[in-house]
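The same subunit A turns up in both complexes below, where it pairs with subunit B and then with subunit C.
Presenting the complex of A and B:
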């Protein structure tokens, strides 16, 4: 049953390789286009200030054990003091900032542009593949799959007795789509917009709510138990200096 | 401890050699994670091509993938001179991180090489 079909060399030359090459080139093109189209957005000073305050509070929380107890406590009071502490924001005011951020036209345009630049090439390529490369066996995947995958992978092929390993070009397109992500990260260097999961993480991190994160930082700061981790610091310094001098 | 710098390797020391409380330099940690990711991606691509050329099918191919990933882990550990804790914060990072990420690239290049060499 599993005798190997011999497929035409022309399929390899004119289907597999061109499809992969086209997908790589489109990926590179998309990367450069998104780089060019990235509009520089003037950051809102209030948002930036709040972000920096959060970063400061986070640093304090992370390095709390390296400063003496009294200075840690004084810093903590500075942040979470009820009247004029930096992290304490009355609820009504904070909501406005978030609403304003979402209705800001620049940000909406940016997100839409990013979405479009991702979806359009994929759709176009998929349509092109379907139009030109349907109705024949394109490749053989080296591992066996169950019969349930047949309808998904063998879309243009109407014989039902062909082994499921022989797939149509549509599945070659999908295989390329997922597999070339790693290649793109290698040749395009740092983060590039071809990874959907990365994009979704970025989008979800975008809708950050100032008041909630401030409140979270305040709670986190309150929870921290200070443990002075460097009690023998002077002894250590003395030992190191002695070693250096002697 | 003082003046210990790795100028030739691309991994950077991420902890100071303080005995009680280890602190991590976040930037160096990130750089190390990136190095691991790139190494794994590259090795999975190469492994895919090798698997295709050698004609592995089915289960053998996936076994080969795990073998390649294990070799990558061992290589990374050896590069860190076996002092894993001064470059990463836990063993899991260097061994398991990015394991599954390279799978799709591996399968793609495996299929590609296998088809080119054996079917066509």
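Presenting the complex of A and C:
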């Protein structure tokens, strides 16, 4: 259909703006609730130690050329030797980390709390939008779309001849859901629990797996060829001094 | 370590507050952020803010961090009553707090009651075995009591877990040097160079330790590290220049094992000597005679 539908300005006043305001308010509410519910997690000493080992091994790899070859070799053996090297993880233990995370009751509770604080408000708001704001055209999307989007964007509108650019309030809800993230980081500062999209991405790439990173560091360390940079420095010092003295 | 701009900013603020220009709160915040140790000034200005109830309420939640900062400064200046008052106020506000517990332990330390302080720290560590600051306080206490071997033991245990903490490595290196355990000190300095390869201080200290250890290989390595210090500081470090001269003459005195590398290094030594003479002429002309006679005795 080529003609434009004229939409009542009352729609803007009573649908679009209230919906956005409500979503902002719910976001702020969730932020404060999550701050209240956050429990203090005691860091596991083994994990802290492994984190530090990784930092030290990485430093060794990065600056290996600055220390004498003998010290580098002795450190490499210390890290990667078969029996008690710090980075060496026997195959059996490698899969432990994930299983541990699920069985540890504290961590499971934490994850559940975080998930709940995200899912429940979303579900409620979605149900509310569907109940109150369905059955009419809410807005027009400025670019044309194909017919496939009709079922997604026009849930209450049962006329099949309406242009797909005219959408219902459900799509306005989704637009707000993903778009208000920037607004929240302005209002609430950097760390806010409303960062749903980030959290969803985090959930898919699951968990801190220390054993894998240890193995990766060990491989990296084995590869490094030590090329002592210090002899070059003597020549450079000569050049510096020549310039200084002349 | 504090950068140069931050240091100038701090000094400027300090001068401003000293001359009655206000800005005490900014000075205190900056001192806290940079972790510099200026107890008298912090105590004076902190107390002036805390005793004035109008200024105190203007601070809001920053008031409690100011109490903590003033308590630590008071302990540094041995004004233990002031410290005790501050800690009491904090205790009333935050009962059962680990941070306040740590301040109490420090107060016991300041009074010299080592056993009670040790007990306080151990109980705090039981609740939270990964608290870095308390571990370090235990090391500091052992060192203050003169029990250096216990300090070394605690510090080693700390470093087994937190091996990326370069301040701890620095402290350990200094302790080893004070005990003349140079091989271990060399290891610590190597760790420091690994974590921060562009800081010339560590190269210099490492070269000093290697030179002290002696032996042809160590002397050659020390010379290389003095050279890298010169490179990193643009030739301005007098100690490194003198180090080069000393190393070259020491290598010359070793009866065997010289190779062609050392022939090139003679040029480095003469350049270093020339740079030293120039520097002394500019900055300490009257001592130039001492320098030239010392250098002459070194040249083989």
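The rule we apply is simple: the second predicted complex is superposed on the first by the 181 of 246 C-alpha atoms of A that agree within 3 Å, B and C clash if a C-alpha of one lies under 4 Å from a C-alpha of the other, contacts with A are read in each partner's own complex, and residues count from 1 in each chain.
One rule holds in what follows: a contact is a pair of C-beta atoms (placed from the backbone, for glycine too) under 8 Å apart; a residue touches a chain by one contact, two chains touch by 3 or more.
Since this is a predicted model, take the numbers as computed values, not measurements.
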Touched partner set for A:23, first subunit B, second subunit C, both or neither: neither
Which of subunit B and subunit C A:55 touches, first, second, both or neither: second
Touched partner set for A:234, first subunit B, second subunit C, both or neither: second
Touching partner for A:45 - first (subunit B), second (subunit C), both, neither: second
Which of subunit B and subunit C A:71 touches, first, second, both or neither: second
Touching partner for A:176 - first (subunit B), second (subunit C), both, neither: first
Partner chain(s) touched by A:6 [first = subunit B, second = subunit C, both, neither]: first
Touching both subunit C and subunit B, counted on subunit A across the two superposed complexes: 63, 66, 230
Complex contact set, residues of subunit A against subunit C: 42-43, 45, 48-49, 52-53, 55-56, 59-60, 62-64, 66-68, 71, 230-231, 233-234, 236-238, 240-245
Residues of subunit A defined as touching subunit B within the complex: 4-9, 11-12, 16, 20, 63, 65-66, 139-144, 175-176, 178-183, 185-186, 229-230
Sites on subunit B touched by subunit A in the complex: 20-21, 23, 37-38, 41-42, 44-45, 51-52, 56-59, 61-62, 101-102, 104-112, 114-116, 118-120
Of subunit C, residues touching subunit A in the complex: 128-130, 160-165, 187, 190-191, 193-195, 197, 221, 223-228, 230-231, 234-235, 244, 261, 264-265, 267-268, 271-272, 274-275, 278
